[in-house]
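Okay, structure first, notes after.
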Amino acid sequence: MIVGKVVGNVVCTPKHPALIGIRLLLIRQYVSGQPKGLMVAGDPLQTAGAGEFVYLVDSSEAAASFRRGKVPVDLAVVGIIDRYNSTKCTLT
Amino acid sequence: MIVGKVVGNVVCTPKHPALIGIRLLLIRQYVSGQPKGLMVAGDPLQTAGAGEFVYLVDSSEAAASFRRGKVPVDLAVVGIIDRYNSTKCTLT
Amino acid sequence: MIVGKVVGNVVCTPKHPALIGIRLLLIRQYVSGQPKGLMVAGDPLQTAGAGEFVYLVDSSEAAASFRRGKVPVDLAVVGIIDRYNSTKCTLT
Amino acid sequence: MIVGKVVGNVVCTPKHPALIGIRLLLIRQYVSGQPKGLMVAGDPLQTAGAGEFVYLVDSSEAAASFRRGKVPVDLAVVGIIDRYNSTKCTLT
Amino acid sequence: MIVGKVVGNVVCTPKHPALIGIRLLLIRQYVSGQPKGLMVAGDPLQTAGAGEFVYLVDSSEAAASFRRGKVPVDLAVVGIIDRYNSTKCTLT
């Protein structure tokens, strides 16, 4: 599961019919606390806001997280990280 | 979901029967606004043109996006990016 | 299958309904005995503790390891490594 | 979808029963026109020959391309590239 | 499909119930004839021995290769490489 920060959103008019109504977020991936590349992800929770750290699932688990048939999404926000407990490492 | 720019198309005569009628595009991947490697992707929308920025899904979500049984495609264009909103980063 | 060490856990309140009750661990990946990036993984065994070396499966095998429908998890702890036998390499 | 060049084949006697009769090719991957690492792929077309540029699908789309139940193959040749059209890049 | 060499095995007592009876091998991956990182893989053939070059499938094809329901394994040995034919490259 991938950790990232919400940094914006993406708008597209021509799109696959199964994507209508799916909110697309712009996510900055974080690896071991370091910012990395940008990714586009679907948002089945509909509550993630800019600046929040979230975790994401990929591939068929992302598509299934929308609970409405075959959605062509391979990355989805499934949780907003409140805190993490570790004395040895930095996640966000 | 991957972001890329349409840069051409690919033609092949001998191919898997399930690929007949599938349009294959040549895509330049963009990671955090930087051009990267070339990829070949299917085009279920049939509307993406050269120079457009698109986003793509991979693996079984790509195969399902064609809505016609088991298509041997693992990368598909599912949207054309109109714009994105972010004060902090460059996507395309 | 990925090898890692449990280094903490992750707490989130807003999350996908299918994640309720799923314990999320913070894992340091080990590649050929060297510590690498951090990952977040589900814990279907419910017994992995901090400092233990574990092995993990990804993608749909991770989701299926919870045995309760479609869980949006793409990485899961499925074993705790007791020992390994090899005269030529270091795993943990 | 991956682009590669057929450079040989692989022979194995002890193998999974579901692999019997599956032709295994040795493929040199090409990324943006540059030769990269070697890969082993199944050949459902049965027509790809040494020196030809092909494109390949991975994961479950590769397994499904053989059209005979659950084949333990995660990379398969599904087309032979005749030509590509692009004024800006080199694919093969 | 991944090429690797068997270099040992892994033993774990606490594990997912669906892993009971699954033999776990320690594999050194080979990329274009060069040794790379270590991996843990399941062994549905039950015949691979230390020092042998094998090829492996990943993800759901690995899980299906055991032919006993949902096995939480995402990498499996499905063939032992006898030889390969190529005048241009080194695989093992």
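Letters A, B, C, D and E name the chains as they come in the text, with residue numbers starting at 1 for each one.
Rule of thumb we're sticking to: contacts are C-beta pairs under 8 Å (C-beta built on N, C-alpha and C of every residue); 3 or more make two chains touch, one makes a residue touch a chain.
From a predicted model like this one, the values you see are computed outputs, not experimental measurements.
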Identify the chains adjacent to both chain A and chain D in the sense defined at the top.
B
Where the centres are mean C-alpha positions, what is the separation of chain B from chain E, in Å?
32
Can you compute the centre-to-centre distance for chain A and chain B, using the mean CA position of each chain? Integer Å is fine.
20
What residues in chain B touch two or more of the other chains?
59-60, 62
In what order do you meet the chains if you trace the ring from chain C in the direction of chain E?
C, E, D, B, A
State the interface residues of chain D toward chain B in the complex, per the touch definition above.
1-3, 31-33, 44-45, 47, 55, 57-62, 64-65, 76, 78-89, 91
In their shared complex, chain E is touched by residues of chain D numbered 7-16, 18-19, 24, 26, 28, 37-42, 59-60, 62-63, 70-75
